[in-house]
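Order as written gives the chain letters A, B and C; numbering starts at 1 within each chain.
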Amino acid sequence: MTMNTPLNWNIRSSALVAVTVSLFLAGCGKKEADSSSGSEGTSSKKTVEIRVKGSDTMVQLATGWAEAYRKVKPNVFVNANGGGTGTGFAALQNNTCDICDASREIKREETEKTKSVTGNDVKEFVVAYDALAVYANPANPIKEISVEELREIWAEGGTITTWEQINPAFTGKITLFGRQNNSGTYDYFREHVCGKKDGKQREFRGGISEMNGSSEVVENVGKTTSGLGYSGMGYKTPNVNWLKVSNKKGEPGVEPGAEVARSGKYPIARKLYLYTAGEPIGEVKAYIDWILSPAGQKIVEQEGFVPLK
Amino acid sequence: MAIPTPAAPPANPFAPSEFERRKARAAARNQWIMFFFCAVLVVPLVAILVDIFAKAAPVLSLHYLWDNPVNKGKAGGLWAPLAGTFYLVIGSLLFVAPIGICAAIYLNEYAREGWLNRIISITVTSLAGVPSIVHGLFGVGAFVLVMLPAINRVVADPNDRTTRWEAGLLTASLTIAVMNLPVVITSAREALGAVPQTFREACWNLGATRWQTIRTIVLPNSFSGILTGIILVVSRAAGETAPILFTGATYFKFVADSGWEKLFPYSIGEAFMAMSMHLYIISNQISQMPDVMKFGSAAVLIGLILFINSFAIALRVWLRGRKRW
Amino acid sequence: MSEPVNTSARKKFNLLDSIEKPTEWFIRLCGWSSIIGIVAIFLFIFKEAAPMVPKLDWVYFFTSSRWIPNPGPGNPAHFGALALLVGTFTTTFIGLIIAVPVGLGAAVYISEFAKGKVKETLKIVIELLAAIPSIVWGFIGLMVLGPLLKDIFTASPGSWWGHVMVALHLASAETGAAQGTNLLTGGVILALMSVPLIVSLSEDALRAVPDSFREAALALGANPWETVRRVLFPAARNGLLAACMLGMGRAVGETMAVLLATGHNNRIPHALTDPVRTLTATIAAEMGEAVQFGEHYRVLFILGIVLFVITCGINIASDLIVKGVKKANQA
């Protein structure tokens, strides 16, 4: 009967409340430490957070930069997230990110919307090149393909659905792996491969598996003998082959690589961008400068993309 | 003289006929089929779990639990997601336990019969059946889009972006709390209902008010059942992914590697890492993620959930043995 | 002569008693919490979806499988959710085909035939099965079950197994299943997830049948299996049906498991091993990508409403069915 007297109950419950409140205050305390530093603070002792959002193609590159930059400036925390190029632009507009990664150029309506919402012009930085590789399974003997054939494979109403239509050496239905529909890679591939019909952009055909992320495409192609997919050239693994791409059927194909991506000889090469709303200042400017410097470009090369020089 | 041969024994009138023997064979066969169904359920599952733990074995160690993920999770440990899950569970418990227990008290003590009880029972069942992604959508619509701006108007300085609260521990805890509310209400209700009515009547006869009865007799005696319900909620909160996908969990966030900040890495208004989100992302969205890390993460999550649930079951069995009525 | 004794003892001040009134108000408020919760869920989701509701072509939504939320420049967006609805229902159907017999069988075994330690162990195992989180089930589907099923359903070109598979609609191509993450894997995982729920609810339903039924059947000479088949199943029919419906509700609403295990392919499946996509997986996969407050975003909330209506309907139906049981057993 000593358990439930009012005095013991009071002591126990107030002790519990005190412990809980102190735990939460400890958590809140860290927030105040962060909030005492501004993002433009020149004093390098306070912690600064830079938020980067956008392209899934670039998310591994962005995390590579973030981790390397921690060693350069230990007080700067760069949070890199994916979500697709389109979400990155939206985040730039409603000020939930400082830098937007983009695997395609900004559209005109996005530029206008950013200017009208934030009052600032977008600043564009080209930070790397990427060749969009077309991946196939190692069991597939076909090693070359042309953009014409790719158009008929991927676009709506296209005529090629089986491997024998490309090359009788391999048979079976083509299993297509693409990206999710808000991806910059999806947009870029659609624009440059599916082409136009009657003046309107052709959409992708139905029945393409929409993978959430560049590496998922590659992994799935590696596991599927009849698979075909597109992804950044930095995502190649030993489990897949990439095809040489030519513009027209019969022309010699070009393998994805650094030089051909920069020079444009590879038919599906693109630039990777960083966008900010307004001219970047302070720590954000320092970070972008570091990315464009040889140290940052070395990370670009390590991640499998094409550095600017 | 011929030795008399014993006569054949008389036929047994109680021996089963052919019909009955056929029925008995069919019954035995069906019983084995039912047992086979149980085996089909249990054996593959145990095999799968053993497979996962075997494939995760190279990575599992105490360091794995104490280090932070390195190189986008391809190496290192699981501390940051584990800490995030821990705080998420505590946060959601803080919201769901008082409300759920009080709702059960209301249903069981104050509004025992009647149309209100019926309606609340239906809504509890409906709430339990809502898909987890719909809870996630609700979390976005209610907490991230309505509650956070309201909080930010009070708390944040419009010129200093770092004082803004974002989708993080608070919104995710609230979303998980709403998701777990029916479980707490149901188990608390059963626990309260198990207290015999005679206890309450004795209290009333002594002149106690309803609240006094509840806090001195009913609640302490149903404490074990309520505790079991709370522990089940803990395991659900630790394992769910869909509700926290858009209400605050993130895959990649720097967490201090040592010191005081390692134990309290997240604050209320910041995104946090969580075990379930971590497993989801490394399953197929990181290039060249070693398989052993994927299995390691899955093994740690399964181990955590099974440990919590086994603890709940053991607690329930022990407390049931101690019951004195 | 003694003075009159002062009998009015002053009541000792008790903190916990003095908060009775506010506490009772708090308790009353919490009692309404689940009603507030469910109404709030519907309201907030509807609030986000509302601007798109009049603009969406609902006929196209339910009849077309063309889902193009981010069209090329100059093209209109298309929201045809037929493939998603078919994906949800086919995975649920396959899950239930496996889960209902196994679940009912296991429930009957545990409730009627298992004794003592075996029964306790089985019940604990089922409870632990129910506790495994859905992301782990998805992981199992992706990494363990998927490759296994892909191996089973693979055939070398021209072999007889390939022809049999195409004939039975087990695979679309003569070479067998292209991917391990497909409709069948998703269905099996959903079955493994719903079975514990069906088992525990069916067991409750069977236990609720009064013992007098069993004793009467035994007295008439039935063996235990006949008792189950001819007496208990009809008596517990409503409870068992409600259990299966709740299992179905769980399967319809499952997100992470199907997200990882079914492959992300938005089309109507022609064979058991075709990849599909469900409503829940679409919301989870595309929500992170949708531009906030855009059309795509609002249509995802509309998908949420569709899901909510379906699962609420299933739950209310099963609740009404069980209510019939209570009335019948009181009669």
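The definition used in the following text is that a contact is a pair of C-beta atoms (placed from the backbone, for glycine too) under 8 Å apart; a residue touches a chain by one contact, two chains touch by 3 or more.
On a predicted model such as this, the values are computed, not experimentally measured, just so you know.
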item	value
Chain pair with the higher count of C-beta pairs in contact (B-C, A-B)	B-C
Most distant chain from chain C, judged by the mean position of its C-alpha atoms	A
Centre-to-centre distance between chain C and chain A (centres being mean Cα positions), rounded to whole Å	34
Chain A-chain B separation of Cα centroids, rounded to whole Å	34
Chain B and chain C: spacing of chain centres that average the CA atoms, whole Å	15
Multi-chain contact residues (two or more partners), chain A	212
Multi-chain contact sites of chain B, meaning residues that touch two or more partners	284
Shared interface positions of chain C, touching two or more other chains	16, 288
Chain A residues within the chain B interface of the complex	3-4, 20, 23-24, 26-31, 34-35, 37-39, 49, 60, 63, 66-67, 70, 77, 79-81, 95-96, 212-216, 218-219, 234-235, 237
Residue ranges of chain A touching chain C (in the complex, touch as defined)	6, 9-10, 82-84, 86-87, 89-90, 94, 107, 171-173, 175, 180-183, 186-187, 190-191, 194, 200-204, 206-212, 220, 223-227
Sites on chain B touched by chain C in the complex	23-24, 26-27, 30-31, 33-38, 40-42, 45, 48, 51-52, 98-100, 102-103, 105-107, 110-111, 116, 119-138, 140-142, 145-146, 178, 181-182, 185, 209-212, 215, 232, 235-236, 238-242, 245-246, 276, 279-280, 283-284, 291, 294-295, 298, 301-302, 305-306, 308-310, 313
Contact set on chain B toward chain A in their complex	71-72, 87, 90, 94, 160-163, 166, 169, 216, 220, 250-254, 261, 264-271, 284-289
Chain A contact footprint on chain C (complex, rising order)	14-16, 65-66, 68-75, 83, 147, 150, 157, 172-175, 178-180, 263-267, 275, 277, 285-286, 288-292, 294, 296
